[in-house]
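In the two assemblies presented below, subunit A is common to both, partnered first by subunit B and then by subunit C.
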Partner chain A sequence: MKSKTALIFNALLVIVFVFAFTLPAFAGKTYKLGMSLAITGPTSDAGNPYAKGSEDWFKFVNETDYLGDGDKIDCPIRDDQYKNDITKRFFEEFLDDEILIFLSYATGGNLALKRDFEEVQIPVIPASYHEGLIVDANYTFMPVATYSENAVSLAEYVVDKHKGTDTPKVAFFIHPSAFGRGPLEDTQKAVSLGLGIDIVEVVEHGTDLDNTAMLQRLESKGVQYVICHTVQTPVATMLTDAQRLGVTATSFGEKGKLTFLGAHYTGGSDLIALAGTATEGFIWADSYNLTSENNEGAKKQLELAERYGRDDKAANSHNYGAGILAAQIATEAIKETKKAGLKMTRENIYKTMQTLNFESFAAAGPVTYSPTERIGVDVQNIYVAQDGVFKKIQSFESQYIQKVRASR
Partner chain B sequence: MSQNRWLATGNFFTSYKQEQRTFFTHLDRTIFTCFLVLLFGWPLVFEISNKYMLVLDNILIAIVAVMGLNLLLGFAGLISIGHAAFVGIGAYTVASVCQVIGENHVIVTHFWPVLIVCAGIMGAIFGAFVGLPALRLKHLYLAIATLSFQMIFEWFIQFMSFFNQGQTIYVGRAHWFTGQVGRSEHYLFWYYIILIIVVVLGFGVRNLLKTKYGRCLVAVRDNDRAADAMGMNPGLTKVYAFALAGFFAGVAGALHAYLYRGVGFDSFTLHHSVAYLAMAIVGGLGTLNGIFWGPVAIKYLDLQVEQFSELAGHYLTYAPNVATALKPLSFGLVIVLFLMYEPRGIANWWRIVKSYTKLWPFRY
Partner chain C sequence: MSYFFQIVVSGIVVGSIYALAALGLVLVYKSSRVANFAHGQIIAAGAFITFFLTVRLGVPIFFSFLASMLITFFLAMSVERIFLRRLIGEPIISVIMVTIGLASIFDGLIYLTPFGSENFSFPTFLPTESIVVGGVSISWTQLVGVIITFVLIGCFSWFFKKSTVGISMRAVSDDQFGAMSVGISVPRVFALAWATAGLSAAAAGCIIGNITGLNFETLHAFGIVVFPVVILGGLDSILGAVVAGIIMGLIQQFASGYLDGNFGLNGTGDVMPYIILLIILLFKPHGLFGIHEIERV
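Entry: the complex of A and B
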């Protein structure tokens, strides 16, 4: 009797051990990705919600078995504090971990690592939409329209909506770096190719807390439109000063007043929080769907944020949506590679990404890549700040940016 | 000299030549040789990831840069808050060559030792030029002069299209006798190169301090009028101290350019100048071994604080600015604590340990 009990006990033990050791084999595969961005330090106001967006989407994918067969995505998110040297270190660490896709952040960091991306042939999804990242580069997949596309589109929009027969006089208010200057140069190229605006002045802002002299100078030069390509804080300072001086146009292109327009990182709910009512009438070009639109996509974004306990600030940030989109592109690439029955390697992911095509609730249009096209969402929405939120006016696709690219 | 050349006990010199020796005892020499063998040999035994090799290479580059700063600040007593700009001059010398003749030109890829020396010379020229105000200025005023050089450098790089407005200028892969240094061996290759440079320059500094030129630096630091009265040229000494510091920084910059295979403006900012200054202070100003301790300690601290700050960033999601502040706060705190409680730096701890072992086997 005693030996029978021992036999059963041993048999059970064997079953438990066999089960325990074979369980991981049935648990599904884990695909490794890596993300490096500024959670703290400069630009963390954008990087923080971006990180949350990506983190929440990957959590959602893993919890809902989005990839099927119990497969999961493991994407460690590292804080590079907006420093290229740290980004490089994280990138090397991720390569040691044999990641499939690298989700990167800043313009500087991406440019610094551009050669490495090509060398190790790793697909990259950046948070920077600097045009230079996709010039002479195969492995960088831009999620949405570039900053240059934003700036040129805004210039085209000015030409379209300008009242009067004169050439609209435009000033550029840009970040004092290549990040700010790149889109300006492309707009200048568009002008040389026939875009009908007159760029009267280019202002590279500093850390000034007062823009009175600059605004009055622009007025005296007959400037009607100010296109901004920088981050939100200097724009907020300028808008507040313009409101105080009473030079802000009450309607688009009002004579003798200034109409302010801006690219991706200038606008959003953060700008409204910083500048308050001075934001009213600000025109913003962006490829993301905003929660203020209250459409199906916006509801899904808010649901995701609520599911993971995010506050209103993060949930309504377009940077949160940007983080979701970047994670979605990576997820869809893995899903499609799996669906095609290909082995999960960087090479196969790269192949899949070249033909990736899907709809995202976070974006203004479908994500479409091709072997010759490295921009996911080409559509931009033109938003206007109205009653404390940004409201969509129309969708816009730049005509001149194609000519600019062809002229390079 | 003592009867037993292995012991430091009873060490005394009977000639100036004996006093000039690099190693006073056989034990010193043996320990140093073992340490060098260890530094050169461990990568052949242990495999380490690229991430950590990059960290080590960075520390070694910082050592080269701090050697120059320590000569200037520690030995010559001249303050510089623009040392990162001198490092930048070296890096941008390599970048300029790449801009003019192409990043994959044979001069860039094959003659990199020549380019590294050229970068050092360029750093020395700029150093000497920036050192000119040192003939008239001292202390805080000199600090402001060097700070202004840092500002001019940053402005210059950010606005000149030749320098890509501060964005990365690519540098080609170096070649060795076995061909192009590939990605897999890149960090290891530069580890050895930088280590050799550190050893050579380390001996250079050691020997310089035994010459009249080295003693001039110390004399001018202690009292430039007295030095003048004794026949030294304080003006020339100050300018060449700046030139020397510039040379070391220039070499460090060129190494940085090759290691990262690119030069971007944000590696040579005022923040980096302050970090070099911190390394020199924490290591121990006016000491040779402090040159090594400082960069190791600060880089290690940087890594730890970075991880802590990152962790805080993940948990303090409602207050990212608090997490952002943690790094500079803790960094600053360490500097203040060192200045308060150990102004002679880690080198002093090393001195205490050495003086204890020097008596061995006697108690006193």
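Entry: the complex of A and C
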């Protein structure tokens, strides 16, 4: 009797062991990625919702078995506080973990690591859309149109919509860094290639409490359009001052007044939160679909945010959408590599990404990469701030940016 | 001509706000000879407390403003009591290092809240139209900011010159051991100096936040931005902070209005105040109103 019980016990033990050891094989594979960005510190107003967007998308992928066969994505999200040395350390740790794709953040950090990306041959999806990141670089896959593309497009938009036969006088209001200067240089190149604007002045802002002198100076020089490429806070202060001084144009290109326009990080719901009614009429170029558009894509973004308990502020942020898109690009790259029956290596992911083509609800257009094209979404939407939200005016693809790139 | 006067008005507005933001640094230095590197974080905390009380709890903004000053008063007093009191008599550099550490701790604590990484703005509570006189415009936000600045600076000046506590604080600043020998409680004076600095920081935070919007990075940067004002005015002079603040504001606006965009220059509004600061310090190393101490050896 005793030996029979022992036999049954031993048999059960064997079954348990066999089951325990074979379970992982049935549970699917886990693909490792790494993300480093500023969840706290400078620019975390953008980095925080961006991180939430990526986190939510990866959760969704894992919970819904989006990759199939129980495969999952493991993407630790680290806070580098906008410090390049920390980003570099995280990147090296991620390399030790043998990640397939690096999801990175700031212009400075990406420029600092640009050579490393090429050396290690790792596909990178940055949150910075600085044109310099894809010049002489193969492994950086820009999710959307670059800042330069934003700035040149806005200049083209000014030329298109300017009333009168004179050359529109434009001023640039930029961040005092490589991030701010890059798009200016490309717009200046576009002007030298025939884009019909006159860049009267370039203002590199500081921590200004009052922009009165600057705005009056621009007006006195006959400037009609101010193209901004920086973050929201300085733009908000400038718009508030312009409203107080009564120099904001009430219609696009109004004579004797200033029409304000801005690239990706200048606009969005955060600008409206900071500047309130002074934002009215602000023209913004961006490649993301906004929840204020109330279309199918917007609904999907809001559903995802609701599913993971995000507040309205995060759910409606275009940076939340940007985080989703970056995560989607990585997910689609893995999915397509798997579909092609290739081994999951950086090299194969890189090959797949070069032909990646898919629609995203978070973006203004399809993501399309090619062996010679490193920008995912080429389409930009031109939005205008109206009644407290940004509304789409039209889609726009820059012609001059291609000439600028060809001239390099 | 209105261009000139507009720049003057803007310079005075900016300068007065600098002066208010600098006041907290002066108050702490005046009593304890310590430069407080966590001042910017207290400025930000004051602004966010006002926002939280107004928007999340529905307290009228005027009362939120007063309440935030009261809260930062006790917050700064607690900081002094917990972290700095035991450093009385220790080398000044140790105390300064502690304030740098405190700045990091405050950063971390604020980052744990939504205020550390999101943008907010105060609800509109003043008329949005500007006041225009002779072609010179000033917004209600700026005007109220300037008025609050001058009222507070007036109160602090009176407090230091006429009240017993204020005179005790000056005595401690002058000579800690001498002050103790006549029965003044140095720890109490230090606590009060930190508390009043906290109070003024909250006021500055609310005014700056109302102008720039509420962004933690922008707000706490003002703790450092106003250092040149304090140095120019003389580290321990309230009047110096006011005069230097206005000088800095005017230089900034005039440089921006007349130099930037001309002669191939750009960004002079940010650089000129420092150039002028260096020139003045060459002739007056203790600042415009700072005490020139002579030690008998």
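Quick note on the criterion: the second predicted complex is superposed on the first by the 408 of 408 C-alpha atoms of A that agree within 3 Å, B and C clash if a C-alpha of one lies under 4 Å from a C-alpha of the other, contacts with A are read in each partner's own complex, and residues count from 1 in each chain.
By our rule, a contact is a pair of C-beta atoms (placed from the backbone, for glycine too) under 8 Å apart; a residue touches a chain by one contact, two chains touch by 3 or more.
Note that the structure is a prediction, hence the values are computed from the model and not measured.
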When subunit B and subunit C are modelled together on subunit A, clash or fit: clash
Which superposed partner A:N48 touches (first subunit B, second subunit C, both, neither): both
Subunit B versus subunit C as contact partner of A:K351, first or second or both or neither: neither
Contacts of A:E119 with subunit B and subunit C, given as first, second, both or neither: first
Partner chain(s) touched by A:K29 [first = subunit B, second = subunit C, both, neither]: neither
Touching partner for A:I39 - first (subunit B), second (subunit C), both, neither: both
First (subunit B), second (subunit C), both or neither touched by A:G206: second
First (subunit B), second (subunit C), both or neither touched by A:K300: neither
Partner chain in contact with A:P176 - subunit B first, subunit C second, else both or neither: both
Offending stretch of subunit C which, after superposing on A, collides with subunit B (from 76-84, 112-120 or 256-264): 112-120
Subunit C-contacting residues of subunit A that also contact subunit B: 39-41, 44-45, 48, 176
Residues of subunit B defined as touching subunit A within the complex: 49-51, 54-55, 58, 158, 164-168, 170, 183, 260-262, 264, 266-267, 306, 309-310, 312-314, 317-318, 320-321, 323-324, 326-327
Complex contact set, residues of subunit A against subunit B: 39-41, 44-45, 48, 52, 77-79, 81, 83-86, 88-90, 92-93, 95-96, 107-108, 111-112, 114-116, 119-120, 132, 176-178, 181, 311, 314
Complex contact set, residues of subunit A against subunit C: 39-45, 47-48, 176, 200-204, 206-210, 212-214, 216-218, 220-221, 232-233, 236-237, 240, 243-246, 270, 273-277, 313
Interfacial residue positions of subunit C with respect to subunit A in the complex: 3, 6-7, 9-10, 13-14, 17-18, 107, 111, 114, 116-121, 124, 128, 130, 137-139, 142, 208, 211-215, 217-218, 221-222, 225, 253-254, 256-257, 260-261, 266-267, 269-270
